[in-house]
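Notes to accompany the following structure.
Chains here go by letter, A, B, C and D, matching the order in which they are written, and residues are numbered from 1 within each.
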């Protein structure tokens, strides 16, 4: 099977999920509502979480794009891993909304909200790692990739699988700090990894 | 007409429907809400139903993909059957939400919820069978498929049309068991059928 | 400009709008809800309106597809007409929900609901007519179409522009009859017009 | 990286955001609701804001299309600017709904609503300007563009970056006048700029 429709369907789910995040933003405009300036002050976690989750899914799209561009074929295992990835992506509007609503509650509720958000992120990281591994290790590549480069790419993305739980641990101490940590991780994967994968291919004209 | 835009439109509807399932997930975070751990325990049917329905639509997409890849042309009957398929796919967020909300109610309400969920699934199965039959039997194939293989493919997918009502009957006794049954059916169609269709084409270079 | 991205964007809006119709379907599953069988009996207008609007947008997609397939170029007027078409398509979940909620109210509220639904449909019909006219009359065609065929195609689609207000007039007397009328019109455009346009092109190899 | 998937993902987000605007339209049809004619009179800001925002995002899509069509390659900076653009696009259903709900409140709440709406628009204008600048100035073009034409295109789109805050200032005096101003700006970018970019390329066969 070709990669075209896999990309189209994945783009669709990513685009819908990233746009549904906006449903978490709302101000009360009904009769007798509190002053908007007050509401904006109180709702800042929604805006901050919107921006971080949007950027996070966006960077996931950038890397999904880069990794799938390496593949020329798709097998059933890859389709399955991709479905699992999309299943976690699609939960982000829910976990973002829950996190934003509870992050200032403190106590066990805030910790549950941190945990749910972290599960979304970790689920994406693990399934993305499986996709990358499948493409590089099971002959789905258009051009062979050097062993050193392959191991390096898998290791770098695998790092995220370890870094995200650390962000969650930070979240147990300070939920806003967790948002900053995820933002930093997304920025890292925006800058570093998209650059590496294509250049590996270039570097190995085999 | 070519298959390109049919695939793009179908990918769009499937991607939106699968992502809208997330709207069924929600926790009460308003002032005075119950503890999140309690809510998560009580809301587990929503999470289980989310995962099963997501996987089910995802596998439907995989097979839709595989079957449409066999076609080189589209006729009006195929467009019509595809619209009917999409109409049932788009109901899944509704029937999933209803099922998750009622599955522990017992009595006739839970039975109605099982029935609605089963109608979504059966509607998809029947319209998918019509699409497969139309492509294989009405000259829309890119390459001819051997008679034995064609009959076998149609029979295998037709099995689902029979298996889904059995899952519904199980649901009348135990709604959670129905979720397991649908998950098992989706897993079967993930593993078995996507493999069969392309290899039939390979096996018959005609 | 090529037609590719116009089709992709239009497919996207049509796919989202057609799938958002499901948000109009909902049953009360909160504590103390009425029996589901009772709710289903009372909510039948929502299900009927869902099916009719889904089918209507689906047939609009089929014909949009067929007409755009004739074009090889896109100009700014066509982009503008297409935006207007999509603006009306995107209102359908709103007008469908309003219509389903009010169709049994009788009195002036039901008439307003009929009017809003009819405006959605008429807006689509007029903007679709403008798109067809633009493509056929302003040199955007890939292959020339005979004068008689062009006039016939424009006239047939123009008929809808007249038939939809008649359906609305029927709706003022009986809202359910209006649903039947729109369903019949959609069925007519499913069967008749998609067939005509491609064969016109075939019939005129110029 | 090629531009194909960037366009597909952007089309997806734009299509979802533009269609989600419909969620801002709603009439109360529950038992004991006010007369629909009264509600329509009171809800006119929602309908006006829906039309203006729909048209605005639609024109943004037209120009995004035209600018991306000039590019043959995508770099990480462009991907980043595009994500920022989409992040602002996706906020439009929220800011439109807030604006429509508050525009007749007067006082500081209406001013906040104007400000939020203007931030959506200004965010789009600035990130679109960054995309255009990146493509024209950093070697992502398929065909070279003359220096005079490039400067002219960047200046014209840059004008929007200045014109939108002026529309916001108008909004502080009269929110409805702001809607008219944004509609006029969208109409200007519909007519003028899409025409200019392709002809610049044609005019410089280099």
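In the analysis below, contacts are C-beta pairs under 8 Å (C-beta built on N, C-alpha and C of every residue); 3 or more make two chains touch, one makes a residue touch a chain.
The structure presented is a predicted model; accordingly, all values stated were derived computationally and were not measured.
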- prompt: From subunit C, which chain is the farthest off, judged by mean CA positions?
  reply: A
Task: In steps of 5 degrees, what rotation angle do you get fitting subunit B onto subunit C on the CA atoms?
output: 90
Query: Is the contact between subunit A and subunit D built from the same residue numbers on each copy (over half shared) or from different ones (under half shared)?
result: different
- request: Report, in whole Å, the distance between the mean C-alpha point of subunit A and the mean C-alpha point of subunit D.
  value: 26
Inter-centroid spacing, subunit C versus subunit A (mean Cα positions, whole Å): 37
Statement: Residues of subunit B that touch two or more other chains sit at 8, 11-12, 15-16, 20, 23
Query: For subunit A, which residues count as touching subunit B in their complex?
result: 1-2, 5-6, 8-9, 11-13, 15-17, 20, 23, 76, 79-80, 83, 86-87, 90-91, 93-94, 97-98, 101-102, 108-109, 112-113
Statement: Per the touch rule above, subunit D residues touching subunit C in the complex are 7-8, 11-12, 14-16, 18-23, 25-27, 29, 33, 35-37, 40, 50-51, 54-55, 58-59, 61-62, 65-66, 69, 190-191, 194-195, 198
